[in-house]
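Just so it is clear, A, B, C, D, E, F, G, H, I and J label the chains in written order, and each chain counts residues from 1 on its own.
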Amino acid sequence: MLFHVEMDVRIPYSLSAEEVDALKQAERVRAMELQRSGAWRHLWRVAGRYANVSIFDVSGPPELHDILSRLPLFPFMEIRVTPLCRHPSSIRDDDQ
Amino acid sequence: MLFHVEMDVRIPYSLSAEEVDALKQAERVRAMELQRSGAWRHLWRVAGRYANVSIFDVSGPPELHDILSRLPLFPFMEIRVTPLCRHPSSIRDDDQ
Amino acid sequence: MLFHVEMDVRIPYSLSAEEVDALKQAERVRAMELQRSGAWRHLWRVAGRYANVSIFDVSGPPELHDILSRLPLFPFMEIRVTPLCRHPSSIRDDDQ
Amino acid sequence: MLFHVEMDVRIPYSLSAEEVDALKQAERVRAMELQRSGAWRHLWRVAGRYANVSIFDVSGPPELHDILSRLPLFPFMEIRVTPLCRHPSSIRDDDQ
Amino acid sequence: MLFHVEMDVRIPYSLSAEEVDALKQAERVRAMELQRSGAWRHLWRVAGRYANVSIFDVSGPPELHDILSRLPLFPFMEIRVTPLCRHPSSIRDDDQ
Amino acid sequence: MLFHVEMDVRIPYSLSAEEVDALKQAERVRAMELQRSGAWRHLWRVAGRYANVSIFDVSGPPELHDILSRLPLFPFMEIRVTPLCRHPSSIRDDDQ
Amino acid sequence: MLFHVEMDVRIPYSLSAEEVDALKQAERVRAMELQRSGAWRHLWRVAGRYANVSIFDVSGPPELHDILSRLPLFPFMEIRVTPLCRHPSSIRDDDQ
Amino acid sequence: MLFHVEMDVRIPYSLSAEEVDALKQAERVRAMELQRSGAWRHLWRVAGRYANVSIFDVSGPPELHDILSRLPLFPFMEIRVTPLCRHPSSIRDDDQ
Amino acid sequence: MLFHVEMDVRIPYSLSAEEVDALKQAERVRAMELQRSGAWRHLWRVAGRYANVSIFDVSGPPELHDILSRLPLFPFMEIRVTPLCRHPSSIRDDDQ
Amino acid sequence: MLFHVEMDVRIPYSLSAEEVDALKQAERVRAMELQRSGAWRHLWRVAGRYANVSIFDVSGPPELHDILSRLPLFPFMEIRVTPLCRHPSSIRDDDQ
């Protein structure tokens, strides 16, 4: 099932450039794994902001929380979750 | 290029059931046309609200405005537009 | 799976007392059915407001939307949905 | 009587990992005690956020404040309290 | 126990002057009864606004809701409830 | 004359426990003095938050500012002031 | 003593042009009287909005409420009141 | 001097199509006159909303208010005004 | 021309008492100069908050920005600017 | 195509004056380059705040994000992006 997730990243200035780079690299690796597994179905950058809009396809809120709370940047993100479903005017048979 | 669009629909109680049905049917027909043409790339219902989250793929803000402002329910919608772009951690080469 | 749902009811003054009573009675019957079926697991009144806080246990966002959007008072409600999951400090094995 | 309590946790980055772990462990022990005593009737994790939604069953605002203000993570929590009561459409005789 | 209650009144323009007068008069009578009974412990007008700040002393959220939801002006009020308790720096022994 | 004052306290984590204790103790002594003098007519704790709701009875905004700005915790408080007056439905002859 | 008052006017479209003109004319007459008496010390229009920023010099919240609540446009105004006092860096001896 | 003005238009549903058309046509004529005179220096449509972002070049707040408050759609607009000035990093010598 | 300016001051706790005193003293000197020159026409303290409400009389937004951005406390202030003009119901011939 | 961009700058107090000066100088150089290239079409200072209002003319959200996210002050800015298009009442044939 689908969840719309908006993530705003605010890394504190006290972290060193090395720590930030390591976090971003780890986040990138994890985001790619989750895209390949199909759980992170869409991932877009919000133009002009250190933020993304994502669509997750997971088995439910527990799996979603498990994924999000283990992201390397989770401690530095403000996250808003919105459950989605198929729209009655969609031309697709499922929630794609 | 991609735009994230959230639409909240608030139809005034003064409209008759026939007017509302006609508006919804016209909206549905138009939404399907735009999905088939590729401009309305994704359309999801927000669970529990008369609202949707959509992704539009258009040539720019003018085409986006032209499409949205001609939707039959446009006078009754609160709309928020956010420009998107490819995320550097996306596993895709384009903004899909 | 669980969803936290807050509903604020605002019935327009233009409805007659009969229409309001019929709506409230239909809402009440439906709410009781859904509680008995287990889908509407908890239903509490917010003290001092025409509003409730509810916990729904459904198969996913589609079933939740199906239930909420068919409530008799749906056109007059402002609804906020929050997906929940088991808390790691819960003394229960499931999400109860 | 029942109170709906939402807690958002924001632990400052300046705390050491050991301090954070000790706080979380103490919080967990206390949360379990309070659930067993019946005062913390429900405890759910909000999916995707370091936050919970809880239902407390206490003798009144004084006991509620006493409990919340002594939680180990209290200095790091943003808390919103909403008093609840039995809903007239509830199928239960009490406020469960 | 004590609850802090803020009430903002917005009477729709469609009501006749007679209806408004009758509502205000009924509200006044009821407010005085509740003050005399001790349930509505304090009642102040907010300077410059059709609003009040009140302190209620009731047996719990159910009695508070019962009182507020039966006020003649309830359908036209926006209400915010905040549970209070004795402050540790109070010079009084109870929550007065 | 009466002023409704809400105070939210946020003490920065960088203060030592000794500094915090000294501040709180000084605040407590001053709050008691002001209650005894009659200027701080009511003082209640907001359940679940490090905040209070107070009623001040002072000669005007200058005295109110003088009192509030000299509170030991003033640099760490977010304060909202609302002027009050006697409510026309009050059963008292003055603004009590 | 001084109070800063912001007033936003929203006259409902259902009023006739004659009613609106009569209200505005009555408001104007009353505003001038209050300026001449010294109670309404300053009155400025907010550029681009049907709103004003005012400074009242009154004996306290009761007189302020009495004045504001009797303004002809009071039922159609959103009002925010802020108590002021002399600034310690003012070059004047009083609160002018 | 320059002012940044955002206008959101909300025409009430109770107006007839003829009234709305006449208002929009009058607004259009006036907007063009003001652009030609140089007072309305820039006028852009906000994509997806019945709103515009404008830059006015006027002699001061009085002229700005005079212009805005006489626009045919003024009674139906929510307006926000922000004064601008030349940016120190601008490559232009004036505020263009 | 007139501008309504609200300034909220938030000095970070990391500044030493000497730095804060020097800043406040410099701010005070500058505020008095600007009042004497006529540019800072009114300056009032907001009761209960480290904030002021001011009226500036300047030649336009550039002079206003020049004045405000050079205030010693500018880096620590949250500022909101609102352009004002003479109110049609003012008893004065100018914008005083 | 055009995008309306608002930037609020908040440089943390922990940066040294040298670091801040270097950042501002680098920002200034880059802003001038982008204005000369035509991408940063307009740049205005918001009077009284460390903020600007800008109009960018770019090939789409990707180029806009590329430009904004490489600005030297980007880590210290709060940015809001609004896509614009030609207004139907504009006297110009394009979106100027």
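Worth a mention:
Here, a contact is a pair of C-beta atoms (placed from the backbone, for glycine too) under 8 Å apart; a residue touches a chain by one contact, two chains touch by 3 or more.
Quick caveat: nothing in here was measured; it's all calculated off a predicted structure.
Chain centres here are C-alpha means, and the one lying farthest from subunit E is J. Set side by side, A-C and B-H show the greater C-beta contact count at A-C. Centre-to-centre, using mean CA coordinates, subunit D is 45 Å away from subunit G.
For the pair subunit A and subunit H, the distance between C-alpha centroids works out to 39 Å.
Centroid to centroid, with C-alpha atoms defining each point, subunit A and subunit B lie 22 Å apart.
Note on chain placement: the centre of subunit B and the centre of subunit C lie 27 Å apart, centres being C-alpha means. Each of residues 2-3, 14, 45, 47-48, 61-62, 64-65, 81-86, 95 in subunit B touches at least two other chains. Chains touching one another, given as pairs, are A-B, A-C, A-D, A-J, B-C, B-H, B-J, C-D, C-E, D-E, D-F, E-F, E-G, F-G, F-I, G-H, G-I, H-I, H-J, I-J.
Residues of subunit D that touch subunit A in their complex: 13-14, 45, 47-50. Residue ranges on subunit A touching subunit D, taken from their complex, read 3, 5, 12, 14-15, 61-62, 64-65, 68-69, 75, 79-81. The residues of subunit A lying in touch with subunit C in their complex are 1-3, 60-62, 64-65, 81-86, 95. Interface of subunit F with subunit E (complex): residues 2, 4, 27-28, 31-32, 35-36, 42-48, 52-53, 55, 82-91, 95-96.
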